[in-house]
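Chains: A, B, C, D, E and F, in written order; residue numbering restarts at 1 for each.
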Amino acid sequence: MKPEGRMKAILSSAVLALSCLSALAQQPEQKPQLPVEKWTGKTVMLIGAHADDDQLSHGTLALLQAHGNKVYVVTLTTGNVGTQDPALSRMQLAEIRRKEELAALSELGIPGDHYINLGYDDGLLEFEDRKAVVENLVRWIRKLRPDVLFAWDPGKNYQRWHKSDHRAAAYLAADAARAAMWRLLFEGQITQEGLKEYMIPEYLFYNDYDHQDENTVVDISDFVEQKVNAGAKYVSQFGPGWLKYKPELTEAELKEMKELTRKRVRMKDGKAFEGFRYYRGLPDALGK
Amino acid sequence: MKPEGRMKAILSSAVLALSCLSALAQQPEQKPQLPVEKWTGKTVMLIGAHADDDQLSHGTLALLQAHGNKVYVVTLTTGNVGTQDPALSRMQLAEIRRKEELAALSELGIPGDHYINLGYDDGLLEFEDRKAVVENLVRWIRKLRPDVLFAWDPGKNYQRWHKSDHRAAAYLAADAARAAMWRLLFEGQITQEGLKEYMIPEYLFYNDYDHQDENTVVDISDFVEQKVNAGAKYVSQFGPGWLKYKPELTEAELKEMKELTRKRVRMKDGKAFEGFRYYRGLPDALGK
Amino acid sequence: MKPEGRMKAILSSAVLALSCLSALAQQPEQKPQLPVEKWTGKTVMLIGAHADDDQLSHGTLALLQAHGNKVYVVTLTTGNVGTQDPALSRMQLAEIRRKEELAALSELGIPGDHYINLGYDDGLLEFEDRKAVVENLVRWIRKLRPDVLFAWDPGKNYQRWHKSDHRAAAYLAADAARAAMWRLLFEGQITQEGLKEYMIPEYLFYNDYDHQDENTVVDISDFVEQKVNAGAKYVSQFGPGWLKYKPELTEAELKEMKELTRKRVRMKDGKAFEGFRYYRGLPDALGK
Amino acid sequence: MKPEGRMKAILSSAVLALSCLSALAQQPEQKPQLPVEKWTGKTVMLIGAHADDDQLSHGTLALLQAHGNKVYVVTLTTGNVGTQDPALSRMQLAEIRRKEELAALSELGIPGDHYINLGYDDGLLEFEDRKAVVENLVRWIRKLRPDVLFAWDPGKNYQRWHKSDHRAAAYLAADAARAAMWRLLFEGQITQEGLKEYMIPEYLFYNDYDHQDENTVVDISDFVEQKVNAGAKYVSQFGPGWLKYKPELTEAELKEMKELTRKRVRMKDGKAFEGFRYYRGLPDALGK
Amino acid sequence: MKPEGRMKAILSSAVLALSCLSALAQQPEQKPQLPVEKWTGKTVMLIGAHADDDQLSHGTLALLQAHGNKVYVVTLTTGNVGTQDPALSRMQLAEIRRKEELAALSELGIPGDHYINLGYDDGLLEFEDRKAVVENLVRWIRKLRPDVLFAWDPGKNYQRWHKSDHRAAAYLAADAARAAMWRLLFEGQITQEGLKEYMIPEYLFYNDYDHQDENTVVDISDFVEQKVNAGAKYVSQFGPGWLKYKPELTEAELKEMKELTRKRVRMKDGKAFEGFRYYRGLPDALGK
Amino acid sequence: MKPEGRMKAILSSAVLALSCLSALAQQPEQKPQLPVEKWTGKTVMLIGAHADDDQLSHGTLALLQAHGNKVYVVTLTTGNVGTQDPALSRMQLAEIRRKEELAALSELGIPGDHYINLGYDDGLLEFEDRKAVVENLVRWIRKLRPDVLFAWDPGKNYQRWHKSDHRAAAYLAADAARAAMWRLLFEGQITQEGLKEYMIPEYLFYNDYDHQDENTVVDISDFVEQKVNAGAKYVSQFGPGWLKYKPELTEAELKEMKELTRKRVRMKDGKAFEGFRYYRGLPDALGK
C-alpha cells in the first residue's frame, strides 16, 4: 500500500496536468525522468492476452527484476486455442501454455506466484462481457498498485489495429487503468474487499510491429541470454510444437528455437534493446 | 478438499440416480438422511442477493455453527440501494449493510472472514452478465466445496417468482451448482487457479413466503435468541433506519426490533422452527 | 405530484409490512379497501406489450375514466409484426395499430395524449436490452406517478407463462415498479430530469386465461357497450383485417366483430365483469 | 412445401381461436383429433438441448417413423461437457455424443441426415445470444415445415423449471415456433434464402418428471425394443461410459444398460406408453 | 421544423455526392461555405460525454449564440464519478456537475433548457447497450433537427483514440447522425412520436489534442471573456474542487481558475481561436 | 477441398513467418507473387456489408471470373434501409437490392448461386451479437475455403474509420479469417457439420477513399464495360431510384448512371485500374 501522502502528490500534479491539456498536446515526446535501466524498488505490472505476449518485453522485465523491482505478469486468456497439433485439446493446451510461461518467467527471475492468469478462452476474449473483464483488471490494479504498467499499445492519437484478443487486451487495459483511479467506479471492490482506488502513474506500451510511436529504448544487452532462454520455452507457440507438440526438444531443436529468438532481438549501435512508448500522467490522456 | 474416494462414491450413486429419473419423479418427498439438527463436520455455503437474505435461516445457521460445521455466507450485491433515507449515498449504505451483516453473523458465531460479498450493485443484478456471475459463483463453490448449499428456492417443477435480484440469486445459484461439477466448464479456473470441479450433494432451499414446497423443518428452539439478536442488527433494512438511518438505537427501539424478529419466528407445537425444501442428488434435478 | 406527507405514510406502513413478511404470507386474499367501482381521483397506468393488451381491461378502464380517474396506457411495442396480410409493411402496420388503439381508447373516453407507445419492435421485445426497457418504464412511472398499475400478471408464487413480448411486459413492468421507488436507482432521471422516486401502492394484474389467481372482480355492466365498441376497432388484430387489411368494414363485418367481443365478455350472476389479481404493498412482494 | 390452401385454412381457424381466447381457457383438455398412433404422412420435428433429450420420446418417434411420417431431430448443443471421465476432451465428447445419437436414431429407423445439431456448447446455451438462437430455430422450422413439434414443455400457465440448457431449449423452441409464423420477423430468411413463414399447428411437449400436465399418452408397446436398443447407445451419458468412457461394452454391461432403460419405460394397464402435453392452435397460446 | 423543400435539395446534392465518392476522396480540404463567424439563424447541437466537453468550443458557442443561432448541448453522462474528493457521492457530484454546466452555459448566453443530459453513469458509458444510446441520440437529432453538429472527432481515415466515454460519445454521435436520416431506422420514433427522419448537413468535430486534422478555425477574440468565465465554473472538474469540493471559491482561487482557462486559449497571429475539423455531406462519409 | 499436403506447407511457412514477426515489420511492401491479372484456378471470396460493396472490385472480380477463378460474394445485410423513397418498405427494398445485386453479378459473369446474403438488417449490423456474426462468417470461410479474401480494409497499423456496418464488415471479416484457422474455435462446425478448419492465405483489402495504404493495382482495362454495366444495376442505391424507385430506367437515365460509374473508374497512365492493399500470411498479422 502506497503512503497516502505520495498518492496526494501525484494527484496534485495530475490535476495540474489536467488543467493544461492543450499545452500537453504540444509538449515534446515524453521520456522517463530516470532511465528505465536505473529503476529500482518499483512495482511493475504487465497485462497481455496470451502467455508469450510478455516476450516482447522479456529483456526489460529481466533487467527490472534484477534491479530490485517487483514484476507481475497478468495474462487474460489461457491460450487454449492456438495450436496446429490435432492431438491437443483445449485443456491440454492451456496446461502446456501455463507450464511454458512459468518456465519462461523463471528464466527472467520472476517467481511463479507473480504470474496471474484470468482464465478467459483464447480467441474469444472480445466476446466476453467487457465490463466484467475491466472490473477484473481494475481489481488487480488496485491490489498490486503498480508504479508502471506494461500493455499492448492502444494507439497514439488513433486506435492501433491489433488482432482480436490483443485488441481487447490493449483497450481494456487502458480502460481499466483509468477506471481504477476513481473511488466511485467498481466501488464494490472498495466497500467489500478492502481495496482502494489507485492511479498508475507511468506506462510502457509495447507493440510487435510499426515502431514509429516508440519514444523510449531500454538497453537489454546484459539480459539477452535470459530473453533467449525464456523465449525458447514457448515450444507450443512458435517452435516445433506448433504443428506437433512434444514437451522435450532435441538439442538441435532447442538450439534452433534459441537462434530464432536471438535473431529477433532488435539491435542498434551494437546494443540489444527493446522499444516502448512511454507515458506519464493521468490515464485519461494515455493515448495522446 | 474432499478425499477423491468420497467424490467417486457420490458420483456413482449420482449416475445411478441419473438412470432412474422417472422413478425418482414418483419417489416420496426427500428428507435428509440425518436430521439437520445432528449434522456436524459439514461445510455449509449460503448464497443470497442481499445482506439479510440469510436471515430466514439464521436459527439453522447458528445451530450448524454451534454443532461443529463451517458456515460461509456469499452475498451477491452490496445492498447499496434499498433505503428511504435521503441522506445516504450508495457507498455509505454499502458500508452500513456490510457492518450490519458482520454484526449479525457474529451473533450467530460465524467469523467475519466467512462472509464473502461479490460486490454487485443492488437492484441491478439481473442486468449483469449472467455468465460472469455464474462463473464467480462456480469459483466459490469450487473453493469452499460445501457439503450443503442454502439458496433461494428456484422452484419445484415451476420457476418460483422472486423479485429481481432474488430471481437472479435463485436461478444463478442453481446454475452455478450445476456448472461447478463439470471439469469442462469454466476450465480456466481449473488450469490456472488450481481449483477442481465439485458437485454439491445436498441443498436446503429457503423462501420467504408460500411454504407449501417445504419438506424439512429444523428445530431452532435453542437458537431463537441468537436469531433475534442477529435480526436486530439490520437497522437500515427494516428497523427505524430504513426511513432515517442512525447507527445507534435507543433501548426502546432495539427492543422493538427484537420483538419484530421474534414475532416472525415460525412456531409449531410450541417449537420454533425454520422450514426448507431439502434436495439431495445431481444438481441437474434440483428443481424437480 | 403527490404531497410528501402521503408518500411518507405509505412508506411507513410499507416498512411495517416489510417486517411482517411471513405473517403476510398467511394473510387472507387481498382486496381493494374501496371497491374499484367506487374509485375516483386516482391516476391509473396500464402497461402492455401490444396495442390491444388493454382490451382485457376495457370495461374497467371505461368505468374508471367515467368516474373521474385519469387513465394512461403505455404500450411497449408498435405491434408492427402481427399480421397475415402479405401486403402490409412494418411501418404501415405500426400506423394502423396506432390508429386502432387511439380509436379504441376514444370509445372508452381516454384522450389520445394519454396513449404512450415506447416504439419497440413487435415480437422482438425480449431481445432488447432489459436495463434500457426498465429504465424507460421507470421514467414513465416517475412521471405519471400512478396510484394504480394495471399489468400482465407476472405470476403469483411462480412465474406465469406468457408468450414472448407479454413475458417481457409482465416481468419488466414488475421490475420497473420496484426500481422506481428507489432514489438510488436510475438516479440520472432524478438529478437531470427533475423526476423523483415513486412507489406505486396498488396493482391490478390482468391475464387472458387461467383465472384462478384472480381475487377481484369489477362489475362492468354499465360499460359493456363501450368495451364492445372499443374492441371492434382492432380490425387488423383479430377481425377480417388479420388476413387482409382494409380500413373500412362493412356493416355486417362490424357487427360480427362486435359480436365476437361481446361473446368474450365474462358473465357471472347475470353481471358482466372483468377479473384481476389485486395487490397492495411494497412492489418487492407483488408476486407473493 | 405445404399447399397454400391448407395454410390459409389453418390460419382462418386460428384467427377464430384468437378471437375466443377466454372461451378457450375454459375448454376441456386438448386431445389430438386423430390418436398419435394413427398419424401418417406428417413431418415431425423434435427440438432438444442434448443428444438424448429425444430419449423420452423414442417409442413415439419409432412409431411415427414406422407409420410413414418423417422425423427430424434438432439438437442445440453438442453435449461436449457432461462427462466424469477425466480423459475426455470437449471435442472427443462431442464426437462420441454425435456417434451415439446417430446410432440411437438408427435403431428407431430415423436416417442420419435427419439429425441436425446446431453446434452450441453444452452447459453454456443460456449465455448465447438468444436472438441468434431463435433465428436459427426459426430457419429450421421454416425449412422443415413440421406438422408437429416435439419440445421440452415450457410450462402450462407457469414457466416450468428446467435446468439450464433445457430451460433455453424449452422457451426458445416456443419462441421460435411463434416467430416462424410471421413474415415480418427474421425476414432476411424470406428475402434472401427463399424460405417462407410457417405456423406449426400441433405440439407434443415432453417432460422428464411431474407428469401432471400430460393430456395425451401414446401406446408404444410395439416399439419398446427399439426404445431399449436406442437407449443402450448412450454409453457416455448414463452407462458405464459416464465415469470412464469406452466405445465397446461387454455383453453384461450392454444388458445392464438395456435393463436400466427398460425399467424406466412407463407402464399403465400392462401397456408401455409415453406421455405428452398435446397442444393445437396458435403458438401464441401454447403455454395456456 | 425545416421546410420539406430544403431537405429535398440537400438530399439531391447528397445523392450526387454519393455517386462521386472516389472523386470526393481527392477533393481539397473542406471549408464552410460561409465562415462560422458569419453564421446566423442556424440550429446548433453539441454532443459530449461529460459536462465540460463543450468547453473546447465555448468561444464558438458564445459567438453562435450571440449571432442569432440556437445552441443546444446534449451530454451523455451525469459526470457522477470524476472526483478525488472522498466526501462526495455520485448523486452529489451529478448535481454539482449539472449546476456548474448550467452556470457555464449561462455565461455563454445559452438558456438552461437548451441543456439536455441523458443521464448515463460517468465512466460506464461504453458498457451501456449501444443500440439504446444511439436510439436516444437519434431521437434528439430528429427533435432538434440541427443544421450543425458539434461532436468529438471520431477520426479522419482512422478511428481516433479517445478515452472511454469520449470514445462512445465520438463514435455513437457519428452513428446516430447516420441513422437519423433513414426513415426505416428507429421507425418507432416516426410512427409513435411524430418525429421525422433528418439528415444533419454540417459538422464541426472538436478534439483536445493532436490538431493536425483541423481544417477550420473560428476567431473567438470577442468571446474570450465569456469562455474564461464559463470555464471558471467547472470548480469540481479541474479547479480546487477536484481534490476537495467547495461551492464558493475565494477571489484568489477564482482568479487562478480563470488564468488557467485563459492560458489554454489557443492563439495565432494575435487572435484567439478554436479549431475544428469541418465536414459537409452525407453522414456516411464523415470520417473520410 | 484443398489437399492436406498443401495446407501443411502453408502452415509450415506460416509458422516461419510467425517466428519472424519483427523482421516482417521492416519488410518491403507486400505484393502478390503472381500478378492478380494472371491468377487462375483460385477460389475467391468477398465479404461486404451491403449489396454494392463489391462494386469497388467489380473490374477485378470480372477479370478473375473470366480467368477461370471461382468468385463468391458474401453480403452481411439485406440493404433494407438505405432509401429516400418514402414508398418503399424494408422488405421491398431488400428484394430490390437482391435483384440488383444478382443483375450486377450477372454482368460480371458470376452465377447467382455464388451470391450469399446473411440476412442481417441494414444499419443495425453493429448491434448484432458479434460472436454470432463471426461464427456465421467462419462457417462460410470453412465451406468455401477461399484462396483469396476480398474485404473492407480493417486498417494498416491503425483501425480504419468506416461508417457503421462497414466497420463491422471490416473488423469481423478479419476476426473470422483468424478464427477459421483454429480447430479449437467454433468446433461445433467441425464435429457436427463436417467442416474443417481453414486458413485463408491471401487477402485483397478494398477501400472507397484514402488510397495511401494500397500496394497493389489491378489493370481492369478489358473489364471496364462490365464494371460500368454492373454498376448501372444499382438503381436504388445511387441512381434515380434513391429518391423515388422505379425498376425500369429511361434510356437517358441509364446512360447517365453508366456515365457516373464510368467517371469513377480510376485511371493511371491511360489504364483503368482498381487498387487494393494486398496481404499474404497469417491472419494474425493482416493489419500490420
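Going forward, contacts are C-beta pairs under 8 Å (C-beta built on N, C-alpha and C of every residue); 3 or more make two chains touch, one makes a residue touch a chain.
Just so we're clear, the structure is a prediction, and the values are computed from it rather than from any experiment.
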{"item": "Other chains in touch with both subunit B and subunit C", "value": "D, E"}
{"item": "Topological distance between subunit B and subunit D, in contact steps", "value": "1"}
{"item": "Copy pair subunit A, subunit F: interface residue numbering same or different (half cut)", "value": "different"}
{"item": "Distance-maximising chain from subunit D - centres being C-alpha averages", "value": "E"}
{"item": "Superposing rotation of subunit B relative to subunit F, computed on C-alpha atoms, to nearest 5°", "value": "180"}
{"item": "Comparison of E-F and B-E (more C-beta pairs in contact)", "value": "E-F"}
{"item": "For subunit D paired with subunit E, centre-to-centre distance based on mean C-alpha positions, whole Å", "value": "55"}
{"item": "Subunit D and subunit F: spacing of chain centres that average the CA atoms, whole Å", "value": "40"}
{"item": "Chain centre separation in whole Å, for subunit D relative to subunit C (CA means)", "value": "35"}
{"item": "Intercentroid distance (Cα basis), subunit D paired with subunit A, Å", "value": "49"}
{"item": "Residues of subunit E engaged with two or more neighbouring chains", "value": "80, 89-91, 131, 155, 158-159, 183-184"}
{"item": "Chains grouped in pairs wherever the two touch, ordered by label", "value": "A-B, A-D, A-E, A-F, B-C, B-D, B-E, C-D, C-E, C-F, D-F, E-F"}
{"item": "Contact set on subunit D toward subunit C in their complex", "value": "8, 11-12, 15, 18-25, 130-131, 134, 154-159, 174-175, 178-179, 182-185, 283-288"}
{"item": "Complex contacts: residues of subunit E adjacent to subunit C", "value": "78, 80, 90-91, 94-95, 98, 117-121, 128-129, 131-132, 183-184, 186-193"}
{"item": "Subunit D-facing residues of subunit A, complex", "value": "89-92"}
{"item": "For the subunit C and subunit D complex, residues of the former touching the latter", "value": "80-84, 86, 89-90, 93, 122-124, 126-127, 155, 158-164, 208-211, 238, 242-243, 260, 263-264, 266"}
